[in-house]
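Per-chain residue numbering starts at 1, and chain names A, B, C, D, E and F are given in the order in which the chains are listed.
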Amino acid sequence: MTRHDGRTPDQTREVRITRNWLDHAEGSVLVEFGRTRVLVAASFTEGVPRWLKGKGTGWVTSEYEMLPRSTNTRSDRESRKGKVGGRTHEISRLIGRSLRAIIDTKALGENTIVLDCDVLQADGGTRTASITGAYVALVDAIEDARAKGLIAQDAQPLTGSIAAVSVGIVKGEAVIDLDYPEDSTAETDMNVVMTGDGRFVEVQGTAEDGAFDREMLDRLLDKATVGCAELTRLQQEALAATPRERVL
Amino acid sequence: MTRHDGRTPDQTREVRITRNWLDHAEGSVLVEFGRTRVLVAASFTEGVPRWLKGKGTGWVTSEYEMLPRSTNTRSDRESRKGKVGGRTHEISRLIGRSLRAIIDTKALGENTIVLDCDVLQADGGTRTASITGAYVALVDAIEDARAKGLIAQDAQPLTGSIAAVSVGIVKGEAVIDLDYPEDSTAETDMNVVMTGDGRFVEVQGTAEDGAFDREMLDRLLDKATVGCAELTRLQQEALAATPRERVL
Amino acid sequence: MTRHDGRTPDQTREVRITRNWLDHAEGSVLVEFGRTRVLVAASFTEGVPRWLKGKGTGWVTSEYEMLPRSTNTRSDRESRKGKVGGRTHEISRLIGRSLRAIIDTKALGENTIVLDCDVLQADGGTRTASITGAYVALVDAIEDARAKGLIAQDAQPLTGSIAAVSVGIVKGEAVIDLDYPEDSTAETDMNVVMTGDGRFVEVQGTAEDGAFDREMLDRLLDKATVGCAELTRLQQEALAATPRERVL
Amino acid sequence: MTRHDGRTPDQTREVRITRNWLDHAEGSVLVEFGRTRVLVAASFTEGVPRWLKGKGTGWVTSEYEMLPRSTNTRSDRESRKGKVGGRTHEISRLIGRSLRAIIDTKALGENTIVLDCDVLQADGGTRTASITGAYVALVDAIEDARAKGLIAQDAQPLTGSIAAVSVGIVKGEAVIDLDYPEDSTAETDMNVVMTGDGRFVEVQGTAEDGAFDREMLDRLLDKATVGCAELTRLQQEALAATPRERVL
Amino acid sequence: MTRHDGRTPDQTREVRITRNWLDHAEGSVLVEFGRTRVLVAASFTEGVPRWLKGKGTGWVTSEYEMLPRSTNTRSDRESRKGKVGGRTHEISRLIGRSLRAIIDTKALGENTIVLDCDVLQADGGTRTASITGAYVALVDAIEDARAKGLIAQDAQPLTGSIAAVSVGIVKGEAVIDLDYPEDSTAETDMNVVMTGDGRFVEVQGTAEDGAFDREMLDRLLDKATVGCAELTRLQQEALAATPRERVL
Amino acid sequence: MTRHDGRTPDQTREVRITRNWLDHAEGSVLVEFGRTRVLVAASFTEGVPRWLKGKGTGWVTSEYEMLPRSTNTRSDRESRKGKVGGRTHEISRLIGRSLRAIIDTKALGENTIVLDCDVLQADGGTRTASITGAYVALVDAIEDARAKGLIAQDAQPLTGSIAAVSVGIVKGEAVIDLDYPEDSTAETDMNVVMTGDGRFVEVQGTAEDGAFDREMLDRLLDKATVGCAELTRLQQEALAATPRERVL
């Protein structure tokens, strides 16, 4: 089977991770999974939300949002509608929860890191691209804080790395990293967040058309495991390089 | 290992499904998983939302909400805060999506069924209790509509049954149907929605503390499969009986 | 004259007061006036709203809300609409004000009691059922606080009891405790809140169709006086009993 | 007993009704009860809200609001807070309901009249001043519509007149038309809306401090009856005169 | 050329400034530019918004709003819509910014003055009338604070005076102080805020129909300069007089 | 005088206009004024808002928003706050109004173009960059619509071109295109929108510190005229080129 864009079932789209795309943020990444393009800004601030004060632990959270014309037809802005939609909330929560899985909040101290994930262009997989990019921005924000003396030289707030990929069943076949045409016709859609050492942080599978059996579930999990390992490699590569200069 | 309330790892709490708890709704269920108590009302109305008009298909959706004092300490009402929280949105969407997995919207015709799931008392597992109870209320609402001639005598809007259970890892051990004390200390928490014939509709697993490996994931899925089968049996039992009279 | 459900003009519907319907709340009551069914939860918390701090007085307030399918046809949730309607506000304020009439806020100390009145099923008289039930939940919450040492052993925050009933003119005749079919056709509708010793706390009469004269007003007040006395007796009875176990 | 401003218990404050205070509105009144000053605008528009369409009946409603500095200390604007408070809702509903009591909506045809009551200065009794003034503005708006041919020459949408006054118990004594210093110390506060022929449309009594007995309630109703008759006379006087030119 | 109301191009409408129109506010003005009528209340309060605390400087701000029937056809209330419109925000910000241009916030001390500008009747030029009136109310509020000892006897929070006028191009001709019929047909509309000594604080010109050239811009600025000087004179006159008694 | 970044008073920052930065939008531009970076998407849709229906004219509007970390410190999202701030409203309105100045809405037919201007990075001049970029995106969207046959081959909806620049007084000297350090210390700040043939569409000048005299105003207008001419040239250059491929 070949996919509509010529990829094999196991092949992710071209992934690009451009660090330091912004000048102000403590960490920032423009992450692209094919035509999906998400701008991630990591903001490090001293202090924590009120409900955490005085506990000696930090906080990592995320806000995800799509620009109105990131999609094929324009959507109304949530700010104009005066309320944030369920999907936006759900994905924001997923990203924050995923990142906290690899954060030692004690080691972070009473500091907060907000990961803003703004989808500039959407072509499927915006939440997995967000998580994958946010990890890199998070690393940069923590190193920036260390350099400024806001966390101790030997503090290790990060306990591992994290990456995410979507898998799904399209025309009866399990495939990885679905783009929008695939996603909108998939029978089953699953988002998997994994640590760099191959363990699961989030597994969210949804039957879009009927239900799926255990055997198919197992195949999807196998594919996701391979895909996350590949994304982990790309993250490490991006982090190893001197931050690439922005080129427009 | 025994659990804090004496259950075995495979044992769900006492599940009670009281049909027709309300007089007005086309279908209604008071569903209890131990001390968790959810009132489900199924409202059948002719017509569909604007974006579905004229397509000859129906719509099933859900709204979940917790009463302010369903929990151990009082929470502010979302109506007073003027906005619906992310968790509420997320669970409402999950319930609606799960039910739609067993609905043939063509056979439903241009009609809408809303499943209101109001948590009167929360002790863990409110979303799985909601789904399990909502299925029963949905069956009653469809039969009510059939009796009133709102859908055809031979229409089969239901393509199967659906039930949901939580599974998780507590103190290193996989257990089923976590109550609040277990849920709040679980290392991993997974909600699984399955059809009556044993296939998956939703799998949502979250590592609350670190990550979990594939072997543990498999054990959790095994447990959920057994649990959903048991809940399916209880649903059928409830539906077979003459609707029990409300007794307070 | 007989009423559509066989009652005499002076007869309230069957009133049931089930204490401790909830496990978490400091006081709770499921109150039923016929088919009208309201769940009242009394939440006792230490501390007072900011504007009362440091004055040595407590606060009692209430929030009333109807479940979307408590009524004959489903209503949209106020949380989803993003704003609380005028009727909801008005009744919440009435309940809180009524209860404060029998509270010595000095004796309560700097503590707050919130009475959540959620209408599970509506068949007329939801506000009067709420007030009548809320008084019982309030008593239980205060005794609970006393038992926990949150208020002094000899503190007497309650200065009396309170009950409420609706009266109205239906087909030219004054009747008590209107159900929905009566309420929706009444020429005049009046809600009366009275203390256990027969004095008035709130009198809210509205001509729905034309106006009413003084003589009719007097008859309505007479009927309400009798009805509140009866409800007071039922409250005392409920409070005298060992809290009934919940039976579903 | 003399009151703090020298009035007798039965004496209302100086009441002034200035018609046509605005140039655009179909009817408008600046109504003053002493230092309380409310600007009422009656807007007549063809058509009715959606839920009334095609029924051949009209609609009369009201919106009440206080300017932020109408009171002794500035209050935040409800528009800035993003929500309308309970008190505002409650009074708006009271005014609308009161006016509808004397409207034959059939005779009004499918037209809507909105009574905007904006409190420019508050010194107690803003809701009763609003109702009293709104009646006059309503009459003018109906005559304006008749002159423009928007309602028939012989249509009689008004079935009577309406006026409102507050009564209360201050230092144990029943008094009429309380100003703010009296209102804020009253033991009982009652707002009474009556028709020009002496029947009741709304009776809203609230014990602010304890409860009140039937005898006191009767005395308050007596006083209100006298007061509303006096206000009715002043309304007729204002309506009989050539609309007074605005003088500032 | 004569204008539709007989004015010459350089002639403002009749301007009336009535001080102390309200009893509660520290300063208040009913300002009229022809039929445009704005009620300005200046509220002086001790303390400053949180973000200014401890800096030893005061704050002056403004909130502008139109009554629903100030205009020819009724507009919905922003409080009911749950959000403040862009135009309202924009004008509120303009008024506040303009007044701060002549305030020495150090000399004001940690005090706040809010200028509420409520448009009772609109006939063009509501923002310029608001600014012109607000200056007078501001002076009175500062003198009131001085009299009460809230600011020092020798403090000079005011560094000048301020007035505003609209100018525009109507049928090709530059005119001053446009009323609504002119404003709605103007090719260009400009609002100019100037100090009493003839310098500019705000210049906001908008081409409503096409664009305007430099020569026309210069003519508009010339006209505005003359008009603001005239308004400054009227402000001084109003402030020189014993506050006029309110006459209705 | 040299400026802090080495520019002369008359020199704009490096301006880059990258067309077709997005794949979905009918027109799109990434516009950069130095480090200020705005993503503009032009969405062409058939149909017009309700209030324009059936008039045979089109509509052009704009929504401006800043990403939370476009600025030096993170700002809360307006969608999360549930309301759009005054500044956001004001700039959105300015952009829409400016573009409509060069649109013949009759020639556009009953179609709508929305210009979404999202500030990815802010360093002063975001509104002028937005307008300058939006013009280019608008041209592309109109040509795209023409190519798709949505507007007639010979329709000329554009009546000219438009560009915008800021000018201001910094340390007593008039300079052009202020960056954030200059903007935040400027005595006067003016935004000027001009047509390609050198006429004014918007002039918005604000004294940030005191007031400015006519002579300074004239100098600012001179500078703006030169700057807008230069920006017009750059727009034409960008539009003349084959749309540059995106390079990241």
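Observations
Convention: a contact is a pair of C-beta atoms (placed from the backbone, for glycine too) under 8 Å apart; a residue touches a chain by one contact, two chains touch by 3 or more.
All of these numbers come straight from a predicted model, not from anything done at the bench.
Touching chain C and chain D at once is no chain at all. Common neighbours of chain A and chain B, by the contact definition above: there are none.
Among the other chains, the CA centroid farthest from that of chain F is the one of C.
The centroid of the Cα atoms in chain E and the matching centroid in chain F are 29 Å apart.
Annotation: 59 Å between the Cα-based centres of chain C and chain F. Look at where the CA atoms of chain C average out and do the same for chain E: the two points lie 50 Å apart. For chain D, residues touching at least two other chains, in rising order: 82-84.
Tracing the ring of inter-chain contacts outward from chain D, first into chain E, gives the chain sequence D, E, F, A, B, C.
For chain E in complex with chain D, the residues that touch the partner chain are 16, 18, 22-25, 28, 30, 32, 35, 39, 41, 43, 45, 63, 65, 67-74, 77-80, 82-84, 88, 114, 116, 118, 120-121, 123, 246-248.
By the touch criterion given at the top, residues 83-87, 89-90, 92-93, 97, 101, 160, 190, 194-195, 198-207, 210-214, 217, 221, 225 of chain D touch chain C in their complex.
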